[in-house]
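Got some structures for you, see below.
Two complexes are shown next, each including chain A; its partner changes from chain B in the first to chain C in the second.
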Partner chain A sequence: MDQLSQAAINGVMLGGFYAVMVLGFSIIWGVMGVINLAHGEFVMVGAYITWLLSKQLGWEPFATVIVVFPVMFAVGYALQHGLINRVIDRPYLISLLVTYGLSIIIANATKIIFTATPRTVDTAFSGFWRVGDVTVPITKTIVLIAALIIMSGLHLFLQYTRLGKSIRAAAQNREAARIVGIEIKYVYAITFAICIALTAVAGTLVAPTQPIYPFMGPPLTLKAFAITAMAGLGSIPGALMGGIVLGLVEVLIATFVPGVGTNLGIVSSFVILVVVLVTRPQGLFGGLKPAGAH
Partner chain B sequence: MRTLTEIWKRYKLGPLVLILLVLFLFLLPLPRWLAPERKLVSNSLLFSLTQLFMLVTLASDWNMTGGFTGYIDFGHAVFFGIGAYGAGVMMAKAGWPFVPALIVGAVAAAIFAVLIGSATLRLKGPYFSIAMLGTFVAMREIVRVLRPITGGGSGLTLPPYLNRPLFYYVTLILAVLVVAFVWWLRRTQFGATLVAIREDEVGAEMRGINTTLHKITIFWIAAFFTGIVGALWAYQNTFIDPDVVFFESRTIELVMMTMLGGLGTVAGPVIGVTVIYWLRDILWSNFLQFHLLVEGVLLIVIVLFFPEGIMGLLNDPSATSLGRLWGRYLGEGPKDAYQSTETETSV
Partner chain C sequence: MSVRRIWRIMPLFILAALLMAACAAPAAPSEPAASDGGEQTSEAAVSDNGCVGTIKLGAAVSETGKYAREGKDTRQGYNTWLDWVNKEYGGVKVGGDCYNVEIVYYDDEGDPDTAANLAEKLITDDEVDFLLGPYSSGLTMAASAISEKYNKIMIEGNGASESLFERGFKNLFAVLTPAGNYTQSALKALADQGATSVVIAYEDTAFPSSVGAGAQKWAEEYGLEILGVETYPKDVADVSAIMTKFRDMEPDVFVGGGHFNDALLFVRAAQELGFSPKAMVITVGPSNPKFVEEVGDAANYIIGPTQWEATMSYQDDYFGSAADYAARYEGMWGEPPTYQAAESTATALALQLAIEAAGSLDSDAVRQALNDLDVMTFYGPINFDETGKNAGKPMGAIQIQAGAINVVAPADAAVSELEYPMPAWDER
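And now, the complex of A and B:
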């Protein structure tokens, strides 16, 4: 029983990270119809910026958010202008391959700069809560709380600000949005920039809880895809639920199936993905548009 | 001779097939020049040509589902891996000779294609692509976990067999066989149905075509050939482990090569593989550190500016992205924007 509640707590904590990691992927897909296969690489880049700042300058890892967010915002804006804009209206194969090329470039550039050695980030908040027999690492609690704050902030932004409303309008009907005077190119660039910045912040959050290495991206991208397909494009509550489901499944398998460890996490997310896609292609939570329209 | 001309006309044997045939006849006696007294061909050239033939076969296999049927498979290398591991396990663990082990590997790949295809081939567009990418990554982890059978992360060592000319001949014949098969396929009712599925799947279904059955059939055929290449590769390499066999970019490089040559054309994969293989040779020998980086850049450049491929350029230069750029440069004014990656199929 203790083992079960421990696993459940760990699963929810992991799910919090997945939820915040998946938001950027889900919104980019929902708003511009681009499936960003370099998504996991942006998580990795965020984690590396955090590692660099905390190792070289001695910053508190969680405080590096104030650097990671604006830097990656600028990177996202530039990338959208230079590259992603060129693939938005083209067949999905083009955008998949271009973002895959991007992921190869980012991962290998990171490997050349920082070598393939896994890195760990130390934080001042390394301790445990004890609730009964269940131990909860403080870092993971911070990650979960930060994830909830980010998601509510993003929800309020999309729901109530002018820019957030134009992003949703551009997602629902691009032509109509253009008619009422929304600058589509600008909205797309801002959306991409925000999403990339959020994704990198997810990297900052995960850096103190697990080792980071240049090729950590592709499994994260696949998990983001599985969660998004399950949750519906651009749906924030869906991302939270999907993230927690995936986190729970992963941790429960690692805890109760002997001898497999965490490696089968990707297998379980894949099985969930195929089952959901075949049985309920529109996703479980609705979202920006039906999942059938890529 | 009259019948020969008729065949020529009827099947539109373009000059490209002729070139391929000449190339084949030229490549056939190559190992005999290896004899020590005539130092014309080095052992390493023979090896890299063997790799080239394997890639031609793999790219043609990928082209069956990706190019003709329009189902972009991002995890095709999973069948390569199953072929390699199927043969590898039978040889290293059960002590089988190579030929039956190869058959086991190829059949295992085909059976897996039927099983996974009957689920994933019902998905559309990017969902299929990513589901197959997921299959690929998941299979690597499964192979790693099944330690008692596959040796896990430490891999399997196969009995060494260093007969370069034999591998050369086998892969050459396999490549020619597969390219000829694709060429023949394109001229059958079955091949036409596949193209119909690519162009308009709902329409094809309305005409009473069982699209799922057609997709699964071509999927397992492609997987079968891919499995054979996987088994040959494993035997030639004499060592397999999950990271070497299920190498990340193994599928995407096939997509890149096929696209450079021309998606959905018979000669496209052959041309694309040859060009990229040659380019990569230059990259490897000049920037070993950066070669993957450069490959990523190359992928983006090809996809953005050259999606119709070399075959598209040969067929109708003005319809390609490059052609339009050139037209704009000559001052013919901007034509309509991008239309479709799929070019009309021809040899």
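And now, the complex of A and C:
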């Protein structure tokens, strides 16, 4: 029983990170139809900014969000404006190639600047609480809480602000949105900027929990892809549920299958992906629009 | 086309160029890069020492991908030898002539298929005389299959898995102690201190699997009860489930077989979950000074196997003592050598000595000379057995003590006493 509750806690914590990590990917795909293959690299860049500020200037890692968010917001805006906008109306393959190229450029530039040595970020909130026989890691609890706050904030923003409504309108029907006076290019740039900033913040959150290195991106992108397809494009509750389901499945399998559990756990996300795509291609929780429609 | 229009599409051209450069990178020899020191022909252009020719060596070593860090150490190790042999030693002596050396490098990206393709390219396109190994057993496994097919000698210092040498290959030679023996001296020292049980986690790739199998063998040999064995995949980012299970088993010793990244992950997870065994033995990470830099105080008490340390008492006529080598390396690269770097230098040195003993660049003659080689180097004794493993060299163990990497086993190489047991995380 203790092992089960410990596994459940580990799984939910992992799921919280997955959920916040996947948001940016999911919304960019849902709103613009762009599959951002450089997604994992933006997580990595956020993590490196956090590392830089905390190791060099002694900042508390979680506080670096106040720098990471605006900086990456600007980067995202510029990227969308200068690059993604130019390929957005072309076939899927072009934006796939562009973002794939971006991922290679970012990862290698990071390697040149920071070297390939894996880095760790120390936070004052390391350690754990004991609750009965169960251990609750403090850092990961903070990550989970931050993930929930970010997701609620984003949900409120999309539901109730004018800009959020324009973003949803642009996702649902681009032409109609244009007709009612929404400036699509601007909305796209803002969306991309918010998503890249959130993705980088996910990097800030993950940095204190695992080593970071320039080539950590691709497995994250793959996982984001699996969760998004499972959860539905641009759906925030979907991302939360998808992330937590995946985190739980991975950790439970890893805990209760002896010997090779961790291997099987990682495979499970792709098994779930295949099953969902076959049986419920619109994702488990709906979303901005069904996968594949464009 | 107006100027304004050209300006508007300019970024696209730049991007296209960058993309092409990025995509082409794996297929083209690395440019001489200031940050990485001499690569490809940059270090080889020494023409004023009267040498009659050039020996061309080829190596596909990770510059990107999971092994980028260890790959960098490997390249720097090879380049330390390259710089020395061309500039100081005056070229490799073959018969009465001397030859300069050139190393052609590629980036295998940590991918076995790429490593195999590049080995083929080095042999057929670049027509290298000999191959130097990549970093990691998995990549060596893939690349050496190709060199065996072409009957080209590959000498390596960074593939320690026993499985490499169970294939009956005639052209693969390794200067390092095989992976199965990595944990031997550490487990023996811990058993002597009174440890009675052990748990083992290892990545399910070639080298860590050998470490894991070896750890089980030595644990039984020294009377340690094995409470649990777990494997995990290559790109793992979360080992909390493994550490939770192990915590509940309350073992004396934790053995982690993996690479640098995994070492960081294990320590972090153990700290987070309050898993405090009496000793942690982790491969690859702890013996690297960067590990202490990254982990800080939590690194204390952690034990790691080491192929080589600068404090060991080996020496030769080429690089001098282990400490001399370390000083030379630090002078060249601005960081102390890891054992991965030292064994890479020793790899190239062993090849050089075999070529000189053979007095020929012919593969058959050099292969025979490698089989006959029996020398002492700054890295330790080198004497290949019939399978190509270095049979003569023992493995050491280090422990991080107050931030310093001290050799604690075997007894004759130790500079410090093993500190046991390790205090619990919340009692430090």
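The rule we apply is simple: the second predicted complex is superposed on the first by the 285 of 294 C-alpha atoms of A that agree within 3 Å, B and C clash if a C-alpha of one lies under 4 Å from a C-alpha of the other, contacts with A are read in each partner's own complex, and residues count from 1 in each chain.
We take it that a contact is a pair of C-beta atoms (placed from the backbone, for glycine too) under 8 Å apart; a residue touches a chain by one contact, two chains touch by 3 or more.
As the structure is a prediction and not an experimental result, all values here were calculated from the model.
Fit or clash for chain B plus chain C once both are placed on chain A?
clash
Is A:I112 contacted by the first partner chain B, the second partner chain C, both or neither?
Both partners, chain B and chain C.
After the superposition on A, what does A:G127 contact: first (chain B), second (chain C), both or neither?
Only chain C; A:G127 stays clear of chain B.
Looking at A:Q172, would you say it contacts chain B, chain C, both, or neither? Reply first, second, both or neither.
A:Q172 sits against neither chain B nor chain C.
Does the superposition put A:K140 against chain B (first), chain C (second), both, or neither?
In the superposition, A:K140 touches chain C alone.
With the two complexes superposed on chain A, say which partner A:V98 touches: chain B (first), chain C (second), both, or neither.
Both partners, chain B and chain C.
First (chain B), second (chain C), both or neither: which does A:R90 touch?
Once the two structures are laid over each other on A, A:R90 reaches chain B alone.
According to the stated criteria, A:S5 is in contact with first (chain B), second (chain C), both, or neither; which is it?
So A:S5 meets neither chain B nor chain C here.
Thinking of the overlay built on chain A, is A:Q159 touched by chain B (first), by chain C (second), by both, or by neither?
In the superposed model, A:Q159 contacts neither chain B nor chain C.
Is A:T255 touching the first partner chain B, the second partner chain C, both, or neither of them?
second
Based on the superposition described at the top, state which of 3-11, 93-101, 147-155 or 219-227 belonging to chain B clashes with chain C.
With the two structures superposed, the offending stretch of chain B is 147-155.
Show me the chain A residues, by the header's touch rule, that chain B contacts in one structure and chain C contacts in the other.
In chain A, residues 83, 86, 97-98, 101, 104-105, 108, 112, 215, 219, 259-261, 263, 266 are touched by chain B and also by chain C.
Give every residue of chain A touching chain B within the complex, in rising order.
Counting only chain A, the residues touching chain B are 35, 83, 86-87, 89-94, 96-98, 100-105, 108-109, 112, 215, 218-219, 222, 225-226, 229, 259-261, 263-264, 266-267, 269-271, 273-274, 277-278, 281, 291-292, 294.
Which residues of chain B touch chain A once you look at their complex with the stated criterion?
Listed in rising order, the residues of chain B that touch chain A are 72, 74, 119-120, 122-127, 129-131, 133-135, 137-138, 141-142, 144-145, 248-249, 252, 255-256, 259, 289-290, 292-293, 295-300, 303-304, 307, 337-338, 340-341.
Which chain C residues qualify as touching chain A in the complex?
Within the complex, chain C touches chain A at residues 11-12, 15, 18-19, 22-23, 25, 35, 63-66, 68-69, 71-72, 110, 204, 228-233, 235-242, 244-245, 247-248, 260-261, 264-265, 268, 271-274, 290, 294-296, 425-426.
Under the definition above, what is the set of chain A residues touching chain C in their complex?
Those residues of chain A that touch chain C are 2-3, 6-7, 10, 14, 82-83, 86, 97-98, 101, 104-105, 107-108, 111-112, 115-120, 122, 126-128, 130, 135, 137, 139-140, 209-211, 213-216, 219, 250-251, 254-255, 258-263, 265-266.
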